[in-house]
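Multiple structures follow.
Both of the next two complexes hold chain A, though its partner changes from chain B to chain C.
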Partner chain A sequence: MKKILQNIYLTLIIIFLYAPIATLVVLSFNDSKTRSKWGGFTGKWYISLFKDDAIMNALYTTLIIALLSALIATVIGTAASLGIQAMHRRYRTFMMGVTNIPMLNADIVTGISLMLLFVACRFTMGFSTILMAHITFNIPYVILSVMPKLRQTNKHTYEAAMDLGASPVYAFFKVVFPDILPGVLSGFLLAFTMSLDDFVITHFTKGPGVDTLSTKIYSEVRKGIRPEMYALSTIMFVSVLLLLILINMNPSGKGHDKARAEKTMSNRRRFGRVLMTRVVPAVLTIVVIAGGFFYASRTNISGKEQVVVYNWGEYLDPQVIKMFEEETGISVVYEEYETNEIMYPKIQSGAIAYDVVCPSDYMIQRMIENDLLAEINWDNIPNIKNMDETYMKQSQQFDPGNKYSVPYCWGTVGILYNKTMVDEPIDSWSVLWDEKYKDNILMQDSVRDAFAVALKYLGYSLNSTDLDELNEARNLLIEQKPLVQAYVVDQVRDKMIGNEAAIGVIYSGEAIYTQWENPDLEYVIPKEGSNVWIDSWVIPKNAPNKENAEKFINFVCRPDIALMNFEFITYSTPNKAARALIEDPDIRNSEIAFPSSEQLADCETFRFLGDKNDAVYNELWREVKSK
Partner chain B sequence: MPNKLIDIIDVSKSFGDNLVLDELNLYIRENEFLTLLGPSGCGKTTLLRILGGFETPDKGKVIFDGKDITSIAPNKRQLNTVFQKYALFTHMTIAENIAFGLKIKNKPQSYINDKIRYALKLVNLEGFEERLPDSLSGGQQQRIAIARAIVNEPKVLLLDEPLGALDLKLRQDMQYELIRLKNELGITFIYVTHDQEEALTMSDTIVVMNQGYIQQIGTPEDIYNEPENAFVADFIGDSNIFDAIMVEDKLVKIVGVNFPCVDTGFGRNKPVDAVIRPEDIDLVKPEEGTLQGIVTHVIFKGVHYEMEVTANNYEWLVHSTDMFPVGTEVGIHVDPFDIQIMKKPESEDEEAVSVEE
Partner chain C sequence: MLKNKRKLLAGPYLFWAASFIIIPLLMIVYYGLTDKEGGFTLLNLAKITEPENLKALGLAVLLSFVSTVICLLLAYPLAMILSRRNVNQTSFVVLIFILPMWMNFLLRTLAWQNLLEKTGVINSVLKFFHLPGWEIINTPGAIILGMVYNFLPFMVLPIYNVLAKIDKDVISAARDLGAGNMQTFMKIILPLSVPGIISGITMVFVPALTTFVISDLLGGSKILLIGNVIEQEFKQGSNWNVGSGLSLVLMIFIIASMALIAKYDKEGEGTAF
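The block that comes next holds the complex of A and B.
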């Protein structure tokens, strides 16, 4: 009986630990793009994963950084351990403490301090800064695994080797090193795993155009996680699992196992020795050298003309970058961010100089107010003529006089509903407060979006700063709470496709995509009006390649290019010439992609309301969420 | 007498404030089995490490075969060391351990193989080539450590308490083994130990050290029978050491009783130390003894009985093959040549005197 309970307990723990990973692995073989539907078994995500240049590049960067940083950290860490071991006991304890601190330090603190140091030293953020950061945080792990081995080794073996005629170096490598090798190896593998695993520190020390897998995956999150990412995560999990098995199987138990030692030099030992002394170093060397060439060939362009583009994740057709590079000879260093709020401090700190950035309306206003943007020389952007005047006018709400920004994408926020699950045609926000749809409503989980819905429904401006109006909106949101199935961001798309909810608040760009996947879905801009948003290209004040930036902006304003991007991201284009090129009349005339000016009559863009008002919004939202 | 092989001249060494060797002078002859004997911390291991090249003296010189080797690195010296804890290379086989030094000297493989076989035969461990050190017993490991050192044909073998970690029986076997080896190889052994029995058994010459000074240099017999001071007498074997008065030449007053002795030249009525080995005390009938006492303890030790006799309020340690039961009244007799008279140190510093030869 006790035995059965024990087993049940163990099974529960294992399920608890591995259920999430099992889900991930299963989803990586799911033929359907949505998480909620099983569309049959497929390996296609793995295939498209390996065809994806950006991901493979990130994978390679990750491996190279992990390998190099682990190697260098192993050398430095082992040398440091030797030094510490030779110290007087008092200093040794002190040194061990000092080297342990970085390991216990929060990643975020390490990351920020490294970033500050690199900025202070005027290093250009990029591959080398990530590498340095990884070496830094890896060294303590190496020391931690080498020190115990070093303490166990017989001090006299080193002297004995010297006594027998060995030079100090020969004695170290022939006698001391093999003794501490298990520690060095597990230190190396530990460092490798840590480096592979790291997100936070990499995030703070990376530069434009360089991504490791973790930062890459993170930047993909904005558009919802692609199934390729499940495949990639599965591969990473399996690799780490294999690494861990390797660490635990390394030949350390030699001395403990008398019986095994008694067997003299068994075949296994010989094999292990050949593996350790010949095969592993050879493979490592080949990978590093080949990788070095590979990487050099990729980044060789750095000496040439370049433009550093900082854009939302998956917000530009990769083909466009290739075409731009071919046509102009300017190489594009492309980096992605997830939210305006992540992008802003990077620009503000000036740690990395970007040439072109694509923020949203209210953020552009904030950047203008903080004097972070350069005025655009319109002479260099002749393609601005393709732009629909409407959007230039809309832009004036946040960029008075159209001095700083060139519209790129725009859209509305509206209601997506499932025709089979609602009875009446929907045209008002009021449906979100209809008891009939209890537990069938999805709300956006972000403060401005949620308040925009309530404020608009009440007939106020979505940029309202009037406390009475805001309190009214808050009460309305609290009243709505029992009806809401979930407050989500990306999942609205997948849940609606999977028929999990009847009504959801969603961005128009996503709406077009959901309709392709599930024809029962319909999108509407409520008659009370809504949010219309515009993401525009801007040039930061400290951009080093302003002329190239303008060339790039001009290029994406070309009708054929704008069309390519529209087809890639499905968000509405403000480029009227591009719209005219759309072949499918259903899309060209889609009311979702291109609502009429009447539909937009009551729509507003978000404005930056100042830090104080931001705080008020956040406090009210907190009250809503906690009620 | 063979030539001097090693000459240690005025060597001093301190670690921090701790003076370990103080202007020490010593020479070692070819083919000598010389033992550095003393309690832990007496500087004997430091002296050995200076010879091996693992420590550099603060002052003084080490001359080896006519050449100054004071600052020569260990790997350039014609000495090999057998370490206290064997220091075998655990990841190498026995054959690889033994071949280590020869490989560095780029000897041909056939030569190395011959040497391995020869060395293993010498230490009675034939057929152990492919074993790993961890699978050997302590005594076997020790013999491998010796084999590893001697294949390099050193002129001098330094042994740092090599038998310290072995049990008694094994230690005794190894002592004979070492003597045999030394005779077969015909090289100089410098042996460090704190075990006086080991030193007496194996050595040609014993150097007794204490607190960085040499206390006495001599053959095992000299050291045992004629200790030059109370420290040596106390350290070598069991002894009875008394505060005594040299009444005149050839007469010493111990515990208030006059004993005839053979020593001269100490002056009249001078305080001295008198040493009497327990086996040199004869227990006789009360009326035949120089003085009388009562047996207070008896322990059977195998070869002899160890007894304590109280006489004139002093405890006398006596070894004898004849047993006297506790409470027996006995007489104590000591032959004049069995009493060893030593000058008393006049100050505490002099307790550890530097002795020039």
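The block that comes next holds the complex of A and C.
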């Protein structure tokens, strides 16, 4: 009876631990791109995974960092354990205290402290900084698994070996090392796993173009994870699981003679040990190194011309990059960001030099005002003739004289609603304050967008700097908070497709895609007016490859490329030649993608309001969020 | 002489620890105590007393405290059951808890969204059986669940390790002397497992206190914890001084947990691995 209860308890815990993993495995076979919809069984992600350079690169970086950091940490850590063991008690306590710091310290503090160090030392953030950070937090795991084993070793055997004429090194490897080997191995394995699983510390110490799986996934979280990620995780998990089962296989059958069972057991264990100590590391090393060469040969060939592009997440068809590389021979280093506010400090600090960036209107104005942008040489961008004049004119609002920016995408902010979940026709922001839809509303999780909604609803300008108006908007947002299901950025898309909410505030470009996936959804620009925005390519002043940057911008302005891109990201293109090429008239004349000028009558473009007003907005937003 | 030579082996680590553990911490102290122009100030530390930040800290302490208690209550019986099973299986037991880490932490947490959402797996099952739905996503409850899920192994493993090390003879002796199950547990097992419990508590409480990812993914960004505030100061507000100041406040908790470990787990018995 007691045994049964124990087994039930164990089973429940295992279910708890492995339920999310099972979910991910199931998702890896899901035909639909969105997480929240089951589109039938497919194995295609497993195939496209191996063709996806970005993911395979991240995987390779992850593995090689895990392997190198675990190896180096094991060497330093094991040596350190031996040294610490020989120390006087007081120093030993001190050293163990220091060792405990990275273990106990919050990841976020460790990550930030290392970032501050790297910035102060003017290290370029990249592969090596991540590696150093990982070694730092891996060493303690090694020390903490070697120390207990070391304590159990018998001092006298070592001394005896020395008495019999062995040199200290020889005696160590013959006598001490075999005893502590299990500790060293488990330390290595642990370090490897921890490095593999780390996100926070990598997040703070990474540079552009370098991604581990974790940071890659984090940048995808807001847009929706690509299913290839699930497939990759499933492969990794299953291979480790198989390995473990192999090593720990139990002698099967209950009727077995116990002695025999024990004998096979020990055979298996010996086999397992050989596997653990020889085969696994060998296979791992081969895979990582081979993978490294393979993907290194396909991507960054050193000494070649390159251009560093810093763009919004999922905002460019990867095929476009490939075609650009093939046609021009310039290799593209591609890095993504989630919001303007995250991008800005990176450019401003100048720690990382990008060639092409794609900020929004108000952020471009801010960058111009702070003298961060280089003037574009229009002679190098003949394809600008394809651009609709309207958008060049509109750009003058934030870029007077069209000196710095080339329009890339534009759109509006509006309400996406589920026709089956709302009763009345929706045409006003007021629906976001309707008690009926409590817990069914998705609100934008960025300062300016959230305040724009409230300010417009109140009838004010969304560029208001009037404190009374802003306070009124803040109070309105606080009033709204109990009704809001979640504050999200790009997750609105997946959640609305999955029928998680009735109403969401969304960018028009996402609306078309959501309608493809879920025909019950409808998009509307509220009658009070809204935000109309333009994202444009700009070149930072410190760009090292300005001419390549211009070649890149010119390339994406080509009608066929702009069309390809529009079909991939579904954000409205300002490229009139590309629009003319759209085959489907429903889309070419779609009011969502290309709203008429009447619909845009009350819409405004964001302007940069100055650092002081920015701080006011941020402060008010924090008050809303923490209420 | 020989011992002295052996001590030198700790040299590389000492160097490493000084440059990548000690100096970075001093950098945080420096940033935390200066303003943007580099002058000394305590204003960054004082930021914690602003009502929003205080609330974020309070909520973080509360949620991580509850998670730690739940972890302890779940983990102790689990560790006891496991420690009484076949001793040869130690590595297997440990690996069962480490294995999930081979699937990315973010993906695992994200998978909980799938499970918990209003139209998610759990609610669909409940609905199928005509049971009332479980509206937990985007609430503090979901964050606690995420914390318990992610940090449970760090509670189980140290407790398991100390329990497995308890000499069976000690327990037999207690029984020979007439102690019942309860008495044996209270007088022998529990006191002997204190180092593991303390180590487990610190290893769950501190990461739970400072997380910003779990609250982001499972709390719908509606619930701001101190980790979120600090992350925003660094990555969005780009005010490193305030961020460092707030991190310094967090370090108080870390120092407290180090003191706890130094007091109850002098020989490092309660390590997780």
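In this text, the second predicted complex is superposed on the first by the 414 of 627 C-alpha atoms of A that agree within 3 Å, B and C clash if a C-alpha of one lies under 4 Å from a C-alpha of the other, contacts with A are read in each partner's own complex, and residues count from 1 in each chain.
By our rule, contacts are C-beta pairs under 8 Å (C-beta built on N, C-alpha and C of every residue); 3 or more make two chains touch, one makes a residue touch a chain.
Just so we're clear, the structure is a prediction, and the values are computed from it rather than from any experiment.
Of the two partner chains, chain C is the only one that A:Thr136 touches; chain B does not reach it.
In the superposition on chain A, contact is made by A:Gly77 with chain C only, not with chain B. Legend: residue contacts after superposition of the two complexes on their common chain; A:Leu150 is shown touching neither chain B nor chain C.
When the two complexes are overlaid on their common chain A, residue A:Asp179 makes contact with chain B while staying clear of chain C.
In the superposed pair of complexes, A:Met564 makes contact with neither chain B nor chain C. Of the two partner chains, chain B is the only one that A:Ala160 touches; chain C does not reach it. Of the two partner chains placed by superposition, A:Ile415 touches none, neither chain B nor chain C. Judged by the number of chain A residues each one touches, C leads among chain B and chain C. Residues 168, 265 of chain A touch chain B in one complex and chain C in the other. By the touch criterion stated above, chain B contacts chain A in their complex at residues 52-54, 73-75, 79-81, 83-85, 87-91, 93, 100-101, 104-105, 130-132, 134-135, 145, 148-149, 152. For chain C in complex with chain A, the residues that touch the partner chain are 2-14, 16-17, 19-25, 27-28, 31, 51-53, 55-56, 74, 77-78, 81-82, 88-89, 91-92, 94-115, 117-119, 121, 135, 138, 149, 152, 202-203, 206-207, 209-210, 212-213, 217, 220-222, 224, 227, 229-231, 234-238, 240, 243-244, 247, 250-251, 254, 257-258, 261-262, 266-269, 271-273. Only residues 6, 9-10, 13-14, 16-21, 23-24, 27, 35-36, 76-77, 79-80, 82-87, 93, 95-110, 112-117, 120, 132-133, 135-136, 139, 141, 143-145, 147-148, 151, 168, 186-187, 190, 193-194, 196-197, 199-200, 204, 213-214, 217-218, 221, 225, 229-230, 233, 236-237, 240-241, 244, 248, 265, 269, 339, 341-342, 344-345, 348, 439, 445, 481, 484-488, 498-500, 618, 622-623, 625-626 of chain A touch chain C when the two sit together in their complex.
Interface residues of chain A facing chain B in the complex, by the touch rule stated above, are 154, 156-157, 159-168, 170-171, 174-175, 178-179, 254-255, 258, 261-262, 264-265.
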